[in-house]
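Look at the two complexes coming up: chain A is in both, with chain B in one and chain C in the other.
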Partner chain A sequence: MAEVRIEGLTKYFGDTCAVNQLNLLVRDGDLVVLLGPSGCGKTTTMRCVAGLERPTYGDIYIGDRRVNDLEPRERDVALVFQSYALYPHFTAFDNIAYPLRLRKTPKDEIERRVRDVAEMLGITHTLERPPGLCSGGEQQRIALGRAIVREPVVFLMDEPLSNIDALLRVYMRAEIKRLQHELGTTMIYVTHDQVEGMTMADQIAVMNQGTLQQLGTPSEIYDLPANNFVARFVGSTPMNFIPGALQKENGKTVHKSDQFVIPVSAEMADRAAELCPSGICTLGVRPEEIRYTMEDEGSNQAKVFLLEPLGSETILDIEKEGLLLKVKDVASTQVRVGDVLSLSFNRFHLFDDETGTAIR
Partner chain B sequence: MAQSETRGTATNEPVTQPVAMAAHENRFNLRKLFVVVVLYLAAFWTLVPMYWVAISSIKSLRDLAHIPPRFFPTDPRLDAWVTIFERRILENVYNSLVVATLATIICLIIAVPAAYAATRMRLPFKFVAIVVGLMGLVALLPPIASAIPLFLLGSDLGIIDEKYTLIILYTVLNTAFAVWVLRGTFMDVPMDVEEAALMDGDTRFGAVRRILLPLIFPSLFSIAILLFIFNWNEYIIALYFVNSMKTMTLPIAIQAQIPQHELDWGVVSAAGTIAVFPVLVAAFTLQRFLVRGLTFGVASGQ
Partner chain C sequence: MTVQQTVSPLPGQGTDSVTSQPPPPEGMWSELFRYRDNRLGVLLIVPSLLTLVLIQFYPIVYNIWLILTSEKGEWIGLDNLSRLTRDTIFHGALIFSLKMGIVVVPMCLLVGLGLALLVHSEYAGRKAIWISILIIPLMVSEIVAGMMWKIMYHPTLGLVNVPLVALGLEPIIWLQKADTAFIAICVVEVWRISPLAFLLLYAGLNQVPRDIYEAAAVDGATRWRAFWDMTLPYIRPMFAIATILVFVWSTRTIGTIAATTQGGPGRATWNLSWYIYGMSFQRLKPHYASAAVLVMLLMTYIAGTLFVRYLWVERSSR
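The block that comes next holds the complex of A and B.
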């Protein structure tokens, strides 16, 4: 067990900067998800921790050891690859036993530990088969088994669930989280799937273009996004963005856009005056934070042009003068296409247009 | 009686049904027939000369000279074989075996790490392109272009007519080809699998030995056999570097059976038959491995 500390990690491939000045502390026993779109540097970061890449600048510590100059085998870190990277010429048993054999573990202990792990993962029946004859889910578990069996100090997972079907994925992410809890081993989990990130993580590190955007618990990331990138990236129905500017109207601050006039609290107006003097900012509001009535209540009216029934809820697609909004509603909604709704905005965020940073 | 009648209808019934499909199946069969015929023609085309050489080695002089040529010897005899063994052809076989085998092994020992470096070490792309490109060029060079300068160099060094000289030369001349082919083979193995071995605690060398090489073994074996055949058949370099029975390889020995005056086709044919035999064996083994090499997939999550 160990914490992982990344300090000022920078990685260049030729002239391309893959990771830029990344600082990250993964506490002992935590499950930290590196979340971001493809090419954001999350995998590179993980590979630097693994020892498969050398950092251009910066330091990586596992426990108290600075590991920059250590070979992967000296770091006691296990990595589960996106492709599983099983050894096709070995049986499942030999795949799982491989790290133990390299450590010259006695034969009977190998036998016992491999069987234990296989039982824990429910793959005992596959042990004598080569991975090519196992299903995708079984291959995935074999890869997990190979990582678990040697009891490393840190687990690294590189999008391990992206190659299995959606149903199994929902099941496996709970399974991985349970395993991590039971073993109490620090885990860094890389994914581009924000649902995976939200459901599994103790802490999420959102990355974009090689830089860390925000580090926080899933609810912090969701409720208090640090900037418009995080706000946009997290949430299965994406956040709505309304570009506009802050103005004074009748002594009160409002966010005025081409479509809407939205009152801003005095507290938020003060912060905005300090942080974003120009007042030009985009208002972001999650689909579940928009309320509506069918009555005519002032200017914030818009027309429904599409319903997306999801079974457990319905998404209303609303349009006003070229601006599209998504509003979450109950499954049994009475709203029909063509209805005109009066909208009110419950909780929202303001993002400085110049920097993208949240004003709060 | 009743029993045989029911049996009769029972066998008749299934016959009528496939009739409807017959037209479709026929077309398929015609296509297949065409392919088979072409393959047989190609095989015939290739094998007839070998058959001719083999059969000529046991023909009597009269059969050899007969016009039109005889496809079956009327009076088979082993005179030519006795002669060729008297002329110590087995020593030539031994020379060829030693030279071809050692040159193949040494060539692979050099080419495998070179190809590994070219594919795995993340060297600057331009560097790899230039080096591998140059090697490809060497591989394509006609051997006669290098034979004469090499001979001059060899005689200056005083290493003409030595087996090890042939081994060194064959190794050098084939390395480019071997690296070229091995590089493609290595690129087919995903980096992940080797990296997994590193993560599991293996050294780089261990990952190559325990994971990479076993995975590409069928291809490696195929390349080894190809190299062996190249070396076994090599003539032009040997022509310059062989002066005595001590180093004489088979291709040169065959040529040596053609004397100034009286040409004994039987003896030449017997020598030729001996030379062809290991190549045939190699080719059959190679074929089995080539098929395996193609179907030996590396498991991935997809």
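The block that comes next holds the complex of A and C.
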């Protein structure tokens, strides 16, 4: 077990900067998810930790050891690849046993540990087969088994669930989290799937274009996004954005856009005056934070043009003068297409248009 | 390992088998002719199939006919073959061919593998240039290669002796002594054939997925260990193919011998091809030579089967 410390990590591929000045502390026993769109540098970061890439600048520590100059095999980390990277000419048993064989573990101990891990992962029946004859889910678990069997100090997972079907993915992500908790091993988990990130992580590091956007617990990331990128990226129904500006009306500050006039609390108005003097900012509101009534009250009225029933809930697609909003409603909603709703905005965020950072 | 909880198999995962399957087809032919499209398809491949049968099997059958008859056309049964068993010149040629195979095959594979690894490595730069340079020997005809090397082996003018002379040693008269002539011919063959092994093994190396090397590196394998555990098993089928082809090429060579030693000194460098050529066209005993052809064919066939048997282990599909 060990913490992983990344200090000022920068990685160039030719002229392209894949990771830029990344600082990250993964505490001992934590599961940290590196979350971001493809090309954001999350996989490169992980490969630097694994030793498969050399950092251009910066240092990586595992425990107390600076590992920059160590070969992958000397770092005592286990990596589960997106492609699984199973050895196709070995059986599942030999795949899992391989790291132990390289460490010259006695034969009977290899046998015992491989069978233990296989039982834990429910793949005992595949052990004599080559990976090519196993299903995607089984291959995935063989890859997991190969990582677990070594009892490494750090687990690295590179989108391990992206190649399996949706149902199994939901199951496996809970499984991985449970395993990590029980083994107590530090884990860095790379994914572009924000649901995966939210459900699994102790801490999420959101990355974009090689830089760290925000590090925090899933609820911090969701409730207090540091900037509009994080706000946009996290949330299964994305946040609604309403461009506009802050103005005074009757002594009170409001966020005024072409479509809506939304009152802003005095506290927030003060912060905005300090942080965003121009007042030009975008209001972001999550779909579940928009309330509506069917009564004809207030000026914030808009028309429903589509219903998206999801079974457990319904998404109302609302349109006003070219602006689309998504509103979360109960499954048994009475709203019908064409209804005009009066909207109120419960909790929202303001993002400085110039910098994108949250005003708070 | 502390965790012992078991995961129950998921629905649709693991050992669930399909319960209802369509009945197996009755046989290839009935299946083939079931559909109009297939009938047309069969019709279209018949000409090439016939050509193939003619050019593959007719010569073999004709060859056997030749063996069973004398040069005068009389039926002599297995006489030609039994004569062959007593023919010491033939024995010498057979042994020479086998010896060449034993020396040339591993050398070609080693050189080919070395070159393939070099070109495949990240340090090789423009790979296409290396490949086009390295396969030049493949494009040179046997006779031309033989002539070229004959000049290189020349006792006074040849390039091969230059370093020996420079070191103050006696120049070696390569092609005029039995053992040096054998070495000299093997060198020519290795030069000529190893590019073939290189090409095949290079193609094999390119099939090895990069990520399994990375997985092996993280799992704790050194580069050397990864080479043994990942690369070699992966390119094993290519190795089998390369071994067979190199064996066939090196044992049947005739141009190299014709251009360098002409079978000399004495009959020291007679191989099977040279023997068959000599019997057929110089001593004009094509029927007797056909018996040697059959032996050569069998030798190649047996060797090929052994190589496939012991080298070709089918890689499981990914």
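Just so we're on the same page, the second predicted complex is superposed on the first by the 360 of 360 C-alpha atoms of A that agree within 3 Å, B and C clash if a C-alpha of one lies under 4 Å from a C-alpha of the other, contacts with A are read in each partner's own complex, and residues count from 1 in each chain.
Assume a contact is a pair of C-beta atoms (placed from the backbone, for glycine too) under 8 Å apart; a residue touches a chain by one contact, two chains touch by 3 or more.
What you see is a predicted model, and the numbers here were worked out from it, not measured in a lab.
Superimposing the complexes on chain A yields a three-chain arrangement in which chain B and chain C clash. When both complexes are overlaid on chain A, the residue A:S236 reaches neither chain B nor chain C. By the touch criterion defined above, A:P72 reaches both chain B and chain C. Legend: residue contacts after superposition of the two complexes on their common chain; A:A85 is shown touching both chain B and chain C. Of the two partner chains placed by the overlay, neither chain B nor chain C lies in contact with A:T293.
Applying the stated contact rule after C-alpha superposition, one finds that A:A50 touches each of chain B and chain C. Touch criterion met: A:E138 reaches chain C, while chain B stays clear of it. Ranked by how many residues of chain A each touches, chain B and chain C are led by C. By the touch criterion defined above, A:P99 lies against chain B and chain C together after alignment on the C-alpha atoms of chain A. When the two structures are aligned on the shared chain, A:E151 is found in touch with chain C, with no touch to chain B.
After overlaying the two complexes on the shared chain, residue contacts for A:G122 are found with chain C alone; chain B is out of touch. Residues 50-52, 71-73, 77-79, 81, 83, 85-89, 98-99, 102-103, 130-132, 146, 150 of chain A touch chain B in one complex and chain C in the other. Remark: chain A residues 50-52, 71-73, 77-79, 81, 83, 85-89, 98-99, 102-103, 113, 116-117, 119-122, 125-126, 130-133, 135, 137-138, 146, 148-151, 168, 171, 175, 179, 182-183 touch chain C in the complex. Taken in their complex, chain C has these residues touching chain A: 1-10, 13-15, 209, 211-212, 214-222, 225, 229-230, 233-234, 315-318. Partner chain B is touched in their complex by these residues of chain A: 50-52, 71-73, 77-79, 81-89, 98-99, 102-103, 130-132, 136, 139-140, 146, 150, 163-164.
Of all the residues in chain B, the ones that touch chain A in their complex are 190, 192-193, 195-203, 206, 211, 214-215, 297-302.
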